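To keep things clear, I will list the structure first and then write my remarks on it.
Chain lettering (A, B, C, D, E and F) follows the sequence in which the chains are written, and residue indices restart at 1 in each chain.
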Amino acid sequence: MADVSGKTPTRRTAVATGVVKMGAQTLSALKDGTIPKGDVLGAARLAGVMAAKKTQELIPLCHQIAMDFCSVEFDFIPGGVGVKATASAFAPTGVEMEALTAVTVAALTIYDMCKPVDKTMVITDVILAEKHGGKSGDFVRAKKDIEDSEIELRR
Amino acid sequence: MADVSGKTPTRRTAVATGVVKMGAQTLSALKDGTIPKGDVLGAARLAGVMAAKKTQELIPLCHQIAMDFCSVEFDFIPGGVGVKATASAFAPTGVEMEALTAVTVAALTIYDMCKPVDKTMVITDVILAEKHGGKSGDFVRAKKDIEDSEIELRR
Amino acid sequence: MADVSGKTPTRRTAVATGVVKMGAQTLSALKDGTIPKGDVLGAARLAGVMAAKKTQELIPLCHQIAMDFCSVEFDFIPGGVGVKATASAFAPTGVEMEALTAVTVAALTIYDMCKPVDKTMVITDVILAEKHGGKSGDFVRAKKDIEDSEIELRR
Amino acid sequence: MADVSGKTPTRRTAVATGVVKMGAQTLSALKDGTIPKGDVLGAARLAGVMAAKKTQELIPLCHQIAMDFCSVEFDFIPGGVGVKATASAFAPTGVEMEALTAVTVAALTIYDMCKPVDKTMVITDVILAEKHGGKSGDFVRAKKDIEDSEIELRR
Amino acid sequence: MADVSGKTPTRRTAVATGVVKMGAQTLSALKDGTIPKGDVLGAARLAGVMAAKKTQELIPLCHQIAMDFCSVEFDFIPGGVGVKATASAFAPTGVEMEALTAVTVAALTIYDMCKPVDKTMVITDVILAEKHGGKSGDFVRAKKDIEDSEIELRR
Amino acid sequence: MADVSGKTPTRRTAVATGVVKMGAQTLSALKDGTIPKGDVLGAARLAGVMAAKKTQELIPLCHQIAMDFCSVEFDFIPGGVGVKATASAFAPTGVEMEALTAVTVAALTIYDMCKPVDKTMVITDVILAEKHGGKSGDFVRAKKDIEDSEIELRR
């Protein structure tokens, strides 16, 4: 585990995004709320937030960070569901892994609850979209990169 | 949680795969073992196996399954690292989520250990590749689908 | 931990119930879905099921049991919300604690999400309602006992 | 998870209480230390404190708080055992759920260890008794409310 | 994780032992029950059993085993406290690590609770004493080895 | 859990050490990297660091501390492997238990991965070597004590 004892705690924020690609019928059922297992996105949101709190248990060298905020949001896009997670903490090191963990576990939960209907879903395009705070400064993924990736996705 | 009390335990196996796309320099450093944080793939392999054992904690409606086997393997492909996880159990329900969890947490660990070098990595193409055992029978993802996805990846 | 190595695994089921008493306004807001923190009962249901899977971590001498089924249900009663959890496993020992843990953590989650509105809620009347399977045979709590307790509650 | 990044950390304290009602014989055995499973209240005390440290894992939207203090105490009352938990932290949000979780898991542990003797115990009257610190100020549950509840209990 | 899918579940038992060496005054205080933090051995016993249930989380390649029995016992020996743990399961692989984990975490808990009095305690002689069941047959550590080790200890 | 609310957070560091004694052939295989289960010391290092982050879950009365640093190192000594862990935090209480937990779980992981080859390994001489920060001041175990213990070990 990297030594962060010499770093000053500052406000750290990170945004991660990803996509669960799925067939048109699965997507319709998800939109209509007719997936038999229940409220898929509600469960995925909670699972993502709860997993973000476990990041330190899952990623071997992650520090133990107490988040001040974590949210998971979804939007329907052509061909699937976009997942976006935001994490924030006042800490000596960043919360990128918390945001990425929230996105992936939310996506896995969508997969789990929709898999009786569709086993060919794909979890894809999981990226760190933004990162603020810390010595290395702000990181905002170039819009073009994300758009390219979305175009690829929507094709 | 779905009621599986009426289902007979049988041998269940699942294979999941995914990809961590990264820049050429990051990939070289990973191949050469010069990523400063140490043995990236060794850590990712353990993290993936350990996370698979936590699937039931992460995915809200997953059953508690005791795996007889879990492995995580990597191979270098153009533009990134392929991740493949296999899970097996004698159980009344399948181990797809265990294999998918192993792949995503192994991929997140690669991201975590390489992120000082490259923040633009993408975790992508996470799929259930194969599933054996259980009432719904065998599921093997059509080779063409996976290849298409890989072509997209390599472009 | 009691030695259950000499006991034959059989089908075990348990039902536990409890009540979250709350003020009329809080109860109305809960019924109308206007509690600011979101879908209270949806979150409480998942939290209850997930906690049941952690029973062995919480209760020092509980055995590690893999449930085949766990559900949490709610119904609105005069003065509050009734919580009912059912657990089932094929195991050498019972799942009473799993059902009771599900009820209490679901109730705590209701408390957590409604507490910005009402801090005077009471978690009460948490009982084992039924237990089936195992050497000690069936246990069904006398209806009168439960009714008495409910009368007390509704007064 | 509510955004507490704008809140200033202050000293937060919470006291929660509850009751495990039980039959006269069970209560006598508990007082006499003759429950076969061993030191019931010692185990319940530890289980309550350990569970308070897991509050963030159990309650989906709870923040990760590092407590400076947590205690669980018991007293024998007519018809059962009173459970009282105190939690304290220097944090941007309160520790009510930590205290309530400690009370309920301590109560569940009492249930678990006494259930070979008595399955009709009731966990009841779990309340937030006091809360100090934070923007919303002090909250002390009116004595009369608690007394009424105890009278009800002792009847 | 080794593949145990081809192994037939059988009764597996393991016994592990260890020692916490401590100064004469600390040992007297422990015997007299005057260590300020409370019932040291009671807490250590529970901590050991609870840790054994977490063996699979702690040891990366351990299988998920549901124990039918786990106990932790102590005896006062010259110069310290002997710790002995027994674990048992009907499983395709052994429970050595469960017994060893119980011994070490019980020993760490003794250390934690006595350290305000004595920081020079030593956790030592942690061994697998016996193992029964499984293809490799019985393993019982030669009495002479253990005695030699004890002589060394008592010197 | 001791009340540390009146203590001022300061930089706390702790170093713990221990030894895994093993037969000459096992030690050679470990040095040569020919233990069949793979990279033993790499796995043990990660397991130790990950366990240190779980100290608060394992040791009943430990506070929840967020470490700024944790490392686990090994060196080959006559008759076995030395294990050394360092932990550091800015906290109101010390990190001795974090360092000791890292040493013991790293040692248990070595045992787990080498046990197909040698079941007679001994985890021994686990001590707190150093402690800095906090009201009680620095603690450095007298060199002579450690040397004596090592002499005993090497005999």
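One rule holds in what follows: a contact is a pair of C-beta atoms (placed from the backbone, for glycine too) under 8 Å apart; a residue touches a chain by one contact, two chains touch by 3 or more.
Predicted, not measured: the structure shown is a model, and the values here were computed from it.
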item: Selected interface, A-C versus C-D, where C-beta contact pairs are more numerous; value: C-D
item: Separation of mean Cα positions, chain E and chain D [Å, integer]; value: 31
item: Chain centre separation (chain B, chain D; CA means) in Å; value: 41
item: Gap in Å, rounded to a whole number, between the CA centres of chain E and chain C; value: 35
item: Multi-chain contact sites of chain F, meaning residues that touch two or more partners; value: 2, 43, 46-47, 50, 54, 57, 60-61, 65-66
item: Those chain pairs that satisfy the touch definition; value: A-B, A-C, A-D, A-F, B-C, B-E, B-F, C-D, C-E, D-E, D-F, E-F
item: For the chain C and chain E complex, residues of the former touching the latter; value: 1-5, 56-57, 60-61, 63-66, 92
item: Touching residues (chain side chain A, partner chain B) in the complex; value: 2, 18, 37, 43, 46-47, 50-51, 54, 57-62, 96-97, 100-101, 104-105, 107-109, 111-113, 115, 119-128, 131, 139, 141, 145, 149, 152
item: Contact set on chain C toward chain A in their complex; value: 39, 42-43, 46-47, 50
item: Interface residues, chain E side, partner chain C - complex; value: 11, 46, 49-50, 53-54, 65-71, 88, 90
